[in-house]
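Read through the structures below before going on.
Look for subunit A in each of the two complexes below; its partner is subunit B in the first and subunit C in the second.
Take a look at the complex of A and B:
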């Protein structure tokens, strides 16, 4: 009881349920309790939002205080003695739960939250055995009210915790949800009945502690216990948000957020989240094909397809050398695939013409992604060039909002082509400035960075790469002028567009395309004529389309949900992905196919293309990746030293 | 010793003259006791709506995991069940089922019960995975309802019209000579050949005063 005088280390000592805890000054009682593994039920409190203490679920007894205190909003003080198990606390919890269930519809059997609902769980753990209020006298509200085409609201299930309202106030700043009316009639509503327009609505059902807000996409698709959870990385953009891929019956049912404070801070954007079901498409390539000169198509086994591809590639390179072969990967490749593809191109096919996209990006360097996502919060100012960075990596907006509102970072959103000296004037005096730009705006970003650095400020750049693994394939050297790890490639070759143009003009006679369907889609005439004129077109891809139709040798590939490996996000964080779905084809993995191809082309020592084998070779080749491991950032400066 | 032989013969003779208890199955059927746990039945309400709401609680309760439920959202204009959710697919693997009745216990709407039917042998395994069509109770009004609302309640019986009276698992059983229905109910009402009248089992809870 009489605690020792506070030592001056900024720590505060208190006793919770007889256990002594020392936590930093200013810690909330709730966090102090979880530090020692004591669970306090909460509804309105949320780890990413400021406390409001409106739900009163977390009331606990604090010695010497006449009333119970909300743990989510009480700051610890020296010598506090807290009891979370006292009779008064238990009674308060029972009372709160009975009250929350007063008009609750109890339709857990048809509720999408049933099985992962805090109201169910806490009622089971802390609630009263019975209610004193008859089930027949509940006040009913509207059910299945669409708040937008993505989110559905069940007003009866809402426990008025305010989390959704605060999410819009604090996290996105868009203020789209309000609480209407008073007393028992209080209901969540959109302002003026307008549908929600936010690009981050999909987070609402996850922050809602009950089944009041649910996803339209996931409506009645599965119960939580049906789902198989696989840790994955959102494949929609190169921000690399961590997700749980929840699947049932070999179909992805939803992406759920997997909090990584360094990357997504637990938020996903709707584009990424709701892309989940697109992986269930059955329009897939399943069997290898070989097309002969007359256009006849033969169904073959994968071994024969690989042999045939090797034979044809050798035939053209024997006459014209490796230079007549163009190799294209894409940001849909994993790091291992990209690394193996460039190795195949450079060591076996002996062609320098290799790229992963059409836009030309010469002399890339690791300085372009020196700024980490979480580091944004410790900048003095951040300059965002144009809207593209935030369009191409939407969750970045939420990090910028957090940095601006909670960390006092000055966020300057300027035009994509803003003059460097205007920007330096606007930023003024700053300790550390982040410069965020899209990869198509590299030149301007470099100019801005050097102008800022010229004024003596520390500058770190972040470049938003396009495509899921856009950063990884660059690190892995799927570039005409750079080998893995940003080492110069000698000799430098042609970039993506030049490869296609040379194929049209005939100087490139063979194309090897790995998962290039996405980057070549919608290019029309250029791709079509290149594919028509090239003598050999070896395609490894997942979906039918122009490439599959034009392929002289076609080998089906695996989608990102069906394979394992690693991908790298825009700040250089190397993250593992795992197979969430069974493969749509019996063809072995791309790594094995590429290794088989290398073998058929006469290369020695390529092994079987086993994932771990390739990953080890990759890590040995690129030390920054070896240091990054799984989940760390590839740090080039460190690796070089 | 002779006494013993005589005693034995007398017993044999007595048994020879009494009525045999052997049942000439399958021509003759043995009625199941009223609470027999045989093949499952999925029930309907009187208006034909399915009681099952696709909640999967039966599947969760099943100790052997032999129930598969795939649910979907009701079209309010053509509901299959009351409320928002219904079972689009409902399958029970009868080869795995141990007929414990936990599914019936777990069901919040009393949609599933175990019925009187015990003849479950078959030559093909596939046929022993009972689908929703196999399990669902017939509904007398379905022909008329189909005319009113082709996608609503009873639509799933369209294919089965020709199969009457084997339409319903329960009826297929109850229709047999001498067999007793699950709840011991009598023969089908006139004009509803082969279809047992349905008595709803979910009652509105009685109002009680807060106490």
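Take a look at the complex of A and C:
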């Protein structure tokens, strides 16, 4: 190192294993070590929780101190000299591992965690070769005890690291897990023996460093080395939690968290996590087909299906103009699909009638999405309107809890219809207030924001969009009044509900529906009559159902687990998804099908519909997306709320 | 010799357990006088001057501990540690049984010095009668205006709350005591922050032992300087010794610091019983290292005993005669720590279990000779590596005994039973403490 930096720069210098390190004051030794790539084994320490220093696995030698120090709980100090490789450290590690295995059942061969277990790994790397403790003397507990319908506990494997207890204390605040008894008889238990009720239980097996807490969904389903791991984004809501999609034998076996501190902070909700296996359904559309006026059905190749769709769409628009066609996408579309779909509608079919859902959502503006998820922690106060935001984006609750308990943010949960005046009074003086609302409460959120801003407070809004890519498809212009990037669409068209109603009344004669099965499900009569009366119904979708049954041209699509592209979360973060499963159909990608259709409709210069090509064109059209890249937030200039 | 009886000087006097009886013998004068003579800061200075060190085990200078409280952070709390669960310790029970108002007066004086308005007496669950007695005395004292609002017209307010533990040794450790008092599972907390900064309910807190606090009325009345004159330079005042084991007269004896241990054994306790010879003794309580007859001339001075490789700890003295099996005593003590390990940290939770299993097999004579090396090794893997001192100290006696009586440990290996006469009797004695 060169000359000592000026004092008071908030940094502390120390030496670890002969390497000089400078870290901010208050850093824990464990983190300082990992800063320079030095691995210290840990069990109880956890990056998202406060230290407890109970496992003693991280003991290291610090010069001038008589005892070994726990790296996870020791704050660095100027001039500290640390040795993580000394004989004393190595002996302590070996000793702790011998203790940890003393009462351990050694049932790795039948343990779900085998292969990704810190106890196995560290025992191999730092542990003793043999046991000196008589195997007959081990303490036993009941094995495989259900703690709920989701989680099972094997107390014999538990190393009592306290992570599960602290998870419930610190991360969710629900305090559902306690420790009972003492000494070697200490055991994990639920509060008062009640089954766990949390909506975030699925995180437990992941924070558990061993195989004590396991997912009932995943028990005995795979060994980690058999899994193929794909980086993905949870499709259950628009919060956009990062996941690993772990598959085996062409089935999704589990979603595992993939820490993104800006979004999920490594936590998933149970709804999202346990939706994993729903992607393994074999009830899928596999072959294109064409239905004639008399109801006869023909199996065709995709080229013929596209040609037939083009012919029928042209037939109605030649007579009535593009305006007789209605186009519906959905939050199940990727950004690339959505962008291409609106282009097809507006430039080729020449219809302004396009949307991604039924509820009317006009004049959306970027101000509704100014607040980022992680920014919640730097607000002075956050106002959450009604229960909807947290119901629709459950992991938001954990971020709010962290903001409140670890960052001192005042979180005000108010009724969605509370008077803005009352909310302003309740918030009082604040530097920056976040206003969080569901997209169905846009108008109220706007009123609250302007009331707060009127009092001179800085305000940023977060709007919880509905559906996995609910935010992305809006950015991409699947809206009747807005083109990509919130540019006004001229002329403006009809929204989703009006399109269906017009189909019923006959002024819309053709429907093009891309992954609309989800948003149209359960709407009953309105959808049925629209589908029945429309002359042309072109459906691109994945699952059998009302749409497929009514389609005059049906082209199978790909599920979100079978394709690549990008999706955007509610704060505008553009994130990649990748194919984790082989496609259920031999039909090419939706991008390619849409491009083929454009070509068949007579459009020129559409290219082949390769993902790369579409993505480049999209980025050129929407510069905020080009700037966001992979994982950044798309930002627009935001006028004051 | 009378001058060194301080805390026990009036014990046995009629009605000492009542307020009136205590007052008749000068009780609560210390409280009156502390308001009259000293500001809180001045009294802290007196305590520093007195050299008083904690009687709970660690011997930390009381005045210094008090001065760690951050200025201007209120409320603050005082906890009197009456959890006394260390094997061979029973002086706090004696002081409460015999002179409860002296403790209450000490608590109030400390509360005044620390500007505490809520003081707690955390008493061991098994000390049920003593708890009832203290509750009655607190009520009595309150009735006489020693507790509550505007105590004796001084303008100082203080409530005293007696809280019973649920029978865990670990709750004597100050942070576990605080956890337990707050209603949690009694287990030690991570330090820092120390209780002086963040203790009970997250506020600055002082934890002091019963005997430590019982000294305070005397320091008020006669001054820190006078107290400093008693005992040795760094172990001032007297201590109430809990003398037990193979002696003629087991019991509590108050003695000035600095006298030889031999005096305690031979004059106060009547010497080793039945004319037998002394084999070893353990000062300080079950946690401390064994000492030998050659150490009898050591003074009752914390530093001197520390230098000899043990500690005066919480003021116990357990003597063992020549018939004692050191393996058996070690086993019984190890069992205690195994039973009391709170389970929070790995080396103590698992280590005491391993230790205990091994000691039982050693005592039964079924251990292999090479397992003695294992014993040393697991003790080494525990000592200094546990979360709190309980786990560390679970190795101290057995390791010191193994060093001092190596042949005896070796003779047990594969012997098929205890080769030393008298093992069973010692077991009964240790178990009863």
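As a working rule, the second predicted complex is superposed on the first by the 631 of 641 C-alpha atoms of A that agree within 3 Å, B and C clash if a C-alpha of one lies under 4 Å from a C-alpha of the other, contacts with A are read in each partner's own complex, and residues count from 1 in each chain.
Just so it is clear, a contact is a pair of C-beta atoms (placed from the backbone, for glycine too) under 8 Å apart; a residue touches a chain by one contact, two chains touch by 3 or more.
Predicted model, so just to flag it, every value in this text is computed and none were measured.
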First, second, both or neither for A:136, with subunit B first and subunit C second: first
Which superposed partner A:491 touches (first subunit B, second subunit C, both, neither): neither
Partner chain in contact with A:18 - subunit B first, subunit C second, else both or neither: neither
Comparison of subunit B and subunit C by subunit A residues contacted: C
Touched partner set for A:91, first subunit B, second subunit C, both or neither: second
Subunit B versus subunit C as contact partner of A:522, first or second or both or neither: neither
Touched partner set for A:26, first subunit B, second subunit C, both or neither: neither
Contact residues of subunit A, present in both the subunit B and the subunit C interface: 132-134, 137
Touch list for subunit A against partner subunit C, complex: 51-57, 59, 66-68, 73, 91-92, 95-96, 98-100, 102-103, 132-134, 137, 139, 159-160, 178-179, 181-186
Touching residues on subunit A, where the partner in the complex is subunit B: 107, 109-110, 114, 132-137, 143-144, 219-221, 223, 225-226, 249
Complex contacts: residues of subunit B adjacent to subunit A: 53-57, 60, 70-73, 83-85, 108-109, 204-205, 207-211
Residue ranges of subunit C in contact with subunit A within the complex: 168, 185, 190, 338-347, 349-354, 357, 371, 374, 377-378, 380-382, 384-387
